[in-house]
Amino acid sequence: MPHSVAVFGAAGFTGALAAKLLHAHPEFELRALTARSDIGRRLDDLYPRHRVPLVLEELELDRHAEVEAAVVAYPHGAAAPLVKALRERGVRVVDLSADFRLRDPRVYEAWYREHQAPELLEEAVYGLPERYRDQIRGADLVANPGCYPTAALLALAPLAREGLIADVVIDAKSGVSGAGRAATEKTHFVAADENVSAYGVAGHRHTPEIEQELASLGAELKITFTPHLLPLDQGELVSCYATCDASLDSVDLDELYRDAYADEPFVELAAAPPGVRDVRETNFCRISVHLDERTGRAIVFAAIDNLWKGAASQAIQNLNLMFGLRESEGIL
Amino acid sequence: MPHSVAVFGAAGFTGALAAKLLHAHPEFELRALTARSDIGRRLDDLYPRHRVPLVLEELELDRHAEVEAAVVAYPHGAAAPLVKALRERGVRVVDLSADFRLRDPRVYEAWYREHQAPELLEEAVYGLPERYRDQIRGADLVANPGCYPTAALLALAPLAREGLIADVVIDAKSGVSGAGRAATEKTHFVAADENVSAYGVAGHRHTPEIEQELASLGAELKITFTPHLLPLDQGELVSCYATCDASLDSVDLDELYRDAYADEPFVELAAAPPGVRDVRETNFCRISVHLDERTGRAIVFAAIDNLWKGAASQAIQNLNLMFGLRESEGIL
Amino acid sequence: MPHSVAVFGAAGFTGALAAKLLHAHPEFELRALTARSDIGRRLDDLYPRHRVPLVLEELELDRHAEVEAAVVAYPHGAAAPLVKALRERGVRVVDLSADFRLRDPRVYEAWYREHQAPELLEEAVYGLPERYRDQIRGADLVANPGCYPTAALLALAPLAREGLIADVVIDAKSGVSGAGRAATEKTHFVAADENVSAYGVAGHRHTPEIEQELASLGAELKITFTPHLLPLDQGELVSCYATCDASLDSVDLDELYRDAYADEPFVELAAAPPGVRDVRETNFCRISVHLDERTGRAIVFAAIDNLWKGAASQAIQNLNLMFGLRESEGIL
Amino acid sequence: MPHSVAVFGAAGFTGALAAKLLHAHPEFELRALTARSDIGRRLDDLYPRHRVPLVLEELELDRHAEVEAAVVAYPHGAAAPLVKALRERGVRVVDLSADFRLRDPRVYEAWYREHQAPELLEEAVYGLPERYRDQIRGADLVANPGCYPTAALLALAPLAREGLIADVVIDAKSGVSGAGRAATEKTHFVAADENVSAYGVAGHRHTPEIEQELASLGAELKITFTPHLLPLDQGELVSCYATCDASLDSVDLDELYRDAYADEPFVELAAAPPGVRDVRETNFCRISVHLDERTGRAIVFAAIDNLWKGAASQAIQNLNLMFGLRESEGIL
């Protein structure tokens, strides 16, 4: 019998996509969609291509919490109280916000704001299956990673784990869907089309998330992380420049990555630099690693779909693990 | 009386644009266009929007060299012999190829091939006006810089000149016109649209050009340079990550750049990261500089139009200087 | 047990997509891919996102014809001899070319060339399931419709069948993938980007196909059909302007379409004009119908994905019918 | 001495572009910019690429009306009172809104709202120079045409004038800048990218404007006009399908258009269907005319840049005429 599930915050891009994936998922039954705007509209009116014939409802916790699982797609800060309420009612949660990604509430407060539910931080598992698969299996609260950290950590983990990185620059590129559904000066077609520019320079909030997880692998370092906005809708590429142990050669590097990802269902290694088109609308992360012999730097590229592996389909991957299902069910 | 000029290799994107700019230029008279393909077609048939009603002709040196000035837009390697022949006939040349950019023929041979006219290297001036304005004024042979070096050098020169850089990573992004007019698997709309990927990783031939010019400013270092292909037609952004002297603060950095470019007609400083849209179809280079205080890195962005400041309009800027005209004539 | 199938001509966009859909199809087993270029390359090298780990082979008929079913994705003219050879060996065929779409070989010859296998025309069924579902079920040779006819006929059939059309203009818009995989002046990113223009004016070869099928519904008329190339990869919109019976009102029109498509699994009716985004990477055709009361014209829009419902997924829909499977198997 | 001019409503796309063109115009001196949003921002902050270093000011009529000429870029309805006030102060006006385009106030009211200054309708001249050049020369109030009417009328005028049209369908395609600067669900990059759809079906307000001007040429008819939104920023193509006099052949048609536009500086005739790229950022209208011999229809394509010839540069063309300047001054 399928597990009952609801999506909270289904009017945005990632919540709506999670709804689509769950609606078509053989092992989940999508019971309800809530939203904070567009109440009363059907999701297939708002997102015709998702073909989910459910209505967006205003949150009524008592009613909407009568499910086994929840995907929460609320903005940072707004998510924590809802997650708390859901957990109190015994609902297992995958949270797409940043609220439970940073283990240290002081770091959260430095980059975001005061934490609304610090008591839940301990039970929260960082939902990168390639890193925390076993913990996710037993978790009741999974903090789905940010899109950039997903790609960056999959790109750098093999090096970090072996203690091979001294220094990292991450130059990231994302499609406009990463900026969310709000119509703004930045997301206007005429602003983004035929354009590219950096944003969040030296201060993007995915920085501490990447640093936390690199540190957990043994690589304690400060990184420079710079995202750029590209004229495409979905897709994200991180180009990572890591000063490496000088003894490393190109063959070692290839082997390191092959070993690290041999059994991963959603990580692909490629000889040529990946394009975001290669992973569009999939849960795959496609990685290629190169050695710049002149400078001794490893250059690692990782491409994902920011709405899929960077958010909604990774949430389903996490739900699959939490409920003991086949990890790729409904997302392959 | 206007100076007579011809464009050699006018069927490609940069040659055709140089033709357009010269056709409309009040101080030059565009006498002839040669090409190696599309002979007999009118340029306004091939490029309607340039509105140049001249026919592409097969090269007849004796006839076509009867001009005061030439813009040569031949591929690397093919340019040198033509430039030599033109110089022997006394024609003043701006060469858009790489053939005369690298002062050391051994470096040229390591990255390209055997040099076809090394005897001209000495007289060639590297055509970045913001760096070599005075030498260009007296030059008969100007090697127009590559598009990436133009942006990267304008971004990094102020730091390099002051001896403030220890280490540089350049992550560059270019529109598809940078790949030239040839119809290939890479330039097919369906390959480039909704995509982004790196190319020429750890081996792009603009690398030694950037290193040569940084060294000429006192910064002898090996750089990591990685270009990416973006789904847009014209425009180029370089994101430069430079490990800096630790004593530098944000105010110093701003002042350094303001001083360096106070009098430059085509360099704009901006507080916000520039977009390529800001400089589309102009000869401007728009720069913003930031300090990542957590890591001590300077992050410098420079945006140009790869076909304009990165090629054709910079060629006109150089011609203006060579012929004692107003530097911005015909390109502002 | 799954039915064995091969794709002939799998290097192009539509053949490769058919391969992808069949590779993932639970009731077919994809045995082989042949191609006329790129022999020896793996399909997942050529099209990483399709993730089909088979090699493109040169055609060896004896070996490759040992399958129950074939999808032929050859160019017009080249398809007929191969289809004939496959039929002689008892293989059931869906042909993506135009070779078996036009029932009258003289019409074929007027718009294409001499027909290479006119003896097969009688057994060929026009593969528009919404029109010929029953015949397709028993067919051994299905001529998959052209992309524009698919959309145009679904848009106009309800009116044509009722004898309500006097006159038709079809203004069609297609993404660049419709021009095929060949790298040409037209498919170069820089030519198509930020552009739109008509092509094949007053002479596109989908015209007689649309006229044949409108006539088969009782609407004998000459149409004006004009396709345009748009800066997007996949997607096709037809805007049909039909002078209608003056007695028709808006309510009749809606009812007519609702009745016509009530039970169709892949035709969606919408109140608002459909966008190609609504049907991207699906087998759906989304239609909206409007009455211009000032002029008495019905305006009907139909959006499809030209590579899916306009080609490859419709081929699977036809295969499903031919083999008695669920019509939507593998394409929903 | 240059003529003083102000732009009222310079924060939107068309007003800002008019400001840019006037700022660079040798015969006008741009004195002031007013706006209804973004008061206090500099235009080169809002639109860096226009490079106009003036501040957007709140309207103070007494001060801002101290100019010889005004370009008004207010929304429909809001423009009329401002135009009236400016005319009362003797300012010569080019109005970009629809408020003075329709000669009959009842038609205006049927399609828009009650007219705010009907007494000015008589003095207003419809600002299509190719049609009303002489009247514009003496005018004090010019109603700049809508973008679609500009293209459609230039496409159809030669036929209409000769009494050759019986019936017209216009299928129009526009880039997103045509929807204006407001950030909305429709103008969000993710909504428009990789998409195309119709809007304003059977009710777009440019319809009566086209009909009025066709009637003024002798072609009294009701047209079907349907605009579509395309994934590009600037550019507009109209595809006109006109049932013609049956005696017309292809040669007549070509001659008719050649005669009509022989002396027009901004109308280009082309053999091949024009692309909007051909006229991007120019004041040109590029037209090609075809005869569909099977149906007896003339098919006429006209491409313009919707912000240039469709709005701002045509406004300058009108100002040039009004002030006795060279018609192409500042826009060629």
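Letters are used for the chains, namely A, B, C and D, taken in the order the chains are written, and counting of residues starts over at 1 for each.
The definition used in the following text is that a residue touches a chain if its C-beta (ideal position, glycine included) is under 8 Å from a C-beta of that chain, and two chains touch if they have at least 3 such contacts.
This is a predicted model, so every value here is computed, not measured.
In summary, the chains found to touch both chain A and chain B are C, D. Interface comparison, B-C versus B-D: the higher count of C-beta contacts falls to B-C.
Among the remaining chains, the Cα-based centre furthest from that of chain D is the centre of A.
Measuring from the averaged C-alpha position of chain C to that of chain D gives a distance of 39 Å.
Averaged C-alpha coordinates put the centre of chain B at 37 Å from the centre of chain D.
Per-chain CA centroids place chain B at a distance of 46 Å from chain C. Under the contact definition stated at the top, the residues of chain C that touch 2 or more other chains are 191, 193-194, 231-233, 274-275, 277, 280. Those residues of chain C that touch chain A in the complex are listed here as 48-49, 194, 270, 274-275, 277-282, 286.
Touching chain C in their complex are the following residues of chain B: 13, 176-177, 181, 183-185, 187-194, 231-233. Per the touch definition, chain C reaches chain D in the complex via residues 169, 171, 173, 175, 191, 193-199, 201-202, 207, 222-224, 226, 228, 230-235, 237, 239, 241, 272-277, 280, 290-295, 297, 299, 301, 303.
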